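Two complexes follow with subunit A in common, the first pairing it with subunit B and the second with subunit C.
Moving on, here comes the complex of A and B:
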């Protein structure tokens, strides 16, 4: 009777270990270092870099003053990596949108997006301040 | 017999409870680890956004100074610089999403600057249009505080040198060499206009009747040549230049006979 009890306890202990290890495997498989946030991080970094690159010599402000939305879209198309979808909205200093046409390469509807906010000023004699909101998503 | 069965059931349920407790503990631990990891990544994202925001503020400050200098050098009031920086500063203070943002500034007052502006369009062949401001930017965010000082000095400098050769009668072949610098580095012009002073002290622009030509060396150096008919041995020339940023500068020089 004593021997049987001991064997059952050993089996139970093994079972407990098996359960713990299986849950360990389960958690490793289910949460592999939060890939969505890592992707979002790289997306926002790409977006910010693209805007800074465009603004560094005053081109961004000039294009906004000229209301040349097509050129802004083309510049972002070139600067952002392939596989990134974007939608850009430009606001004046009173936060009213000023782009009369949509600046985007593909529709972001239903996608997990990251939003990047950029502030800037034009270099012209009558300085114009602006806020850009760039939404980015990976193309599926 | 009944008593024995009861005892067995009790022992089993105790072990199951222990196992269940272990599983729950493990799940809690793994959930905690996950939360820590997510927190780390969010921290990195915020830190990056902080640095990018500072870079955007510096870039914007630079554009504001350039635009203000373009305005002042084209006849605007010196106070335009302060007004624009003030406007930019209050705009910045409202924009940072993850904390508080404060942009302070002082305009350079050390000679030759006054209210951050230095305009010197000389008759010695050198012309300067410059704006200078110091900034202190404080960012109080969730990921830490940042205090950054920087200055922005935008200087458009023009050097004019001129020589002439005497031709037939009062005719003189005049060469004007123009050198442009932006912040001490060679820069290209958007527009250059050359003038010369005639015998009635009027400033005139040489044209095709003067065989006017201008060569662009592509490195901020330009050579203008033209023929004038002036009896006086003193030939005064003037260059009026807009750089690519629309900052205006001019300088006068006396042509030297060679």
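Moving on, here comes the complex of A and C:
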């Protein structure tokens, strides 16, 4: 026959194991699910690169001066990978938006976006500065 | 043995077994997380490697122009450029295995100097241009060919201006057209019936939204003859450092005409040197934001041929073949927009595991 001290030790063993497992469950639940920073970084890299390359030879500044929002939207459509949604707002030096037309391919509402800011200038004699804010998100 | 000792022994055994199983369970639970931590920075690391590849010139900085030089450090950027992501036309051309001075993947891998990484580099135009011959009819002493053209980026229509050239023997003609907002367009060419053989239709497309976004394609067909000869049947064309090296596959090959085409211009190439089974032509520098297509027409016996090469020599894909990777292997693909001779292209780099 087992005596009571032995039974208590068995109960102790089970209690110990319960403590270990519960702590494990607790830690796995509370492991921070790290946000996918790499994906966001690659998005901002796409955006910045697209703006830099579109501004080679002052093309982007020229299109802004001409108020050719459709051409800017089409250029971004071609430059950015398929699966990336964007919205571009162009501000003047006083931070007032100047694009009279929305420059976007799809609505970004409710999406996790990254924002890229780029400063461009016109190539004309009266130099004008433009601040471009490009918001990007992965299409779900 | 007293009963209490047996109880204690049993309790200890149960405790040890349970603790060991708990440890085993814990390690099993933790393994993916710990292994995830060790690969956590892979994406950023590969992104930095891609940027290094496209922003540095490599060593020596002008290795692209030096035919036999293998760079001690790999970088594709143009030397002395003030633009970020501007690539050297010759460094890019040397990545193409069809170029006589191309580098092999193992040479590139050693030059990159990162032992635990395999990679693939792909350079292509920002959008695709497709050409289809839809009809032909003979009218008097010439034949009229009608072509359908489509300009698209991954299925999305791109509206573009078109510039096309027809090349056969000594005959060259230029046509212009455009594609509408649905990316579709057409044009026709008239070819005299006095010539025959492989005919090339070289087409350039410039996006209406941005003249630096250019695509190109070449369509080959037989005029007054059966099927056209495939490219590289008679010649091996290798442009480098604004010199076109031509090596003949067959000794009795005669060159009729060597021409270079861009979106806005076309001109004849001048012969520089002639060797045994080789000939070299100098290629002029152009400020046109367009790739250059070099076409050589010639005769091999009674066969009339036309062969071409683009400068930069695109499209190209070099490196590790990730399509045969082990399932579950982590591969990171990155796309960059780059400038080569004032025109924009897309560079896709893929990075993964151990080479």
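Methods note: the second predicted complex is superposed on the first by the 105 of 140 C-alpha atoms of A that agree within 3 Å, B and C clash if a C-alpha of one lies under 4 Å from a C-alpha of the other, contacts with A are read in each partner's own complex, and residues count from 1 in each chain.
Rule of thumb we're sticking to: contacts are C-beta pairs under 8 Å (C-beta built on N, C-alpha and C of every residue); 3 or more make two chains touch, one makes a residue touch a chain.
Because the structure is predicted, anything quoted here is derived from the model rather than measured.
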Quick check for you: in the superposed arrangement, does A:121 touch first (subunit B), second (subunit C), both or neither? first
Report for A:44: first if it touches subunit B alone, second if subunit C alone, otherwise both or neither. first
Just checking: does A:81 make contact with subunit B only, subunit C only, both, or neither of them? Give me first, second, both or neither. second
Quick check on the superposed pair: does A:10 touch subunit B, subunit C, both, or neither? Answer first, second, both or neither. second
Residues of subunit A that lie at the interface with subunit B and also at the interface with subunit C: 9, 12, 16, 20, 24, 31, 34, 37-38, 41, 45, 52, 56
For the complex, give me every residue of subunit A touching subunit B. 9, 12, 15-16, 19-20, 23-24, 27, 31, 33-34, 37-38, 40-41, 44-45, 48, 51-52, 55-56, 58, 61, 93, 117-127, 129, 131
Give every residue of subunit C touching subunit A within the complex, in rising order. 3-4, 6-8, 10-12, 14-15, 18-19, 22, 25-26, 29, 33, 40, 43-44, 47, 83-85, 126-127, 153-156, 158-159, 207-213, 289, 334-339, 342, 344
Which bits of subunit B are touching subunit A when the two form their complex? 15, 18-19, 22-23, 26-27, 30, 34, 37-38, 41-42, 44-45, 48-49, 52-53, 55-57, 59-60, 63-64, 66-68, 70-71, 74, 76, 84, 87-88, 91-92, 95, 97, 245-246
Contact residues on subunit A for subunit C in the complex? 1-3, 5-7, 9-10, 12-14, 16-17, 20-21, 24, 28, 31, 34, 37-39, 41-42, 45-46, 49-50, 52-54, 56-57, 59, 63, 70-75, 77-79, 81-82
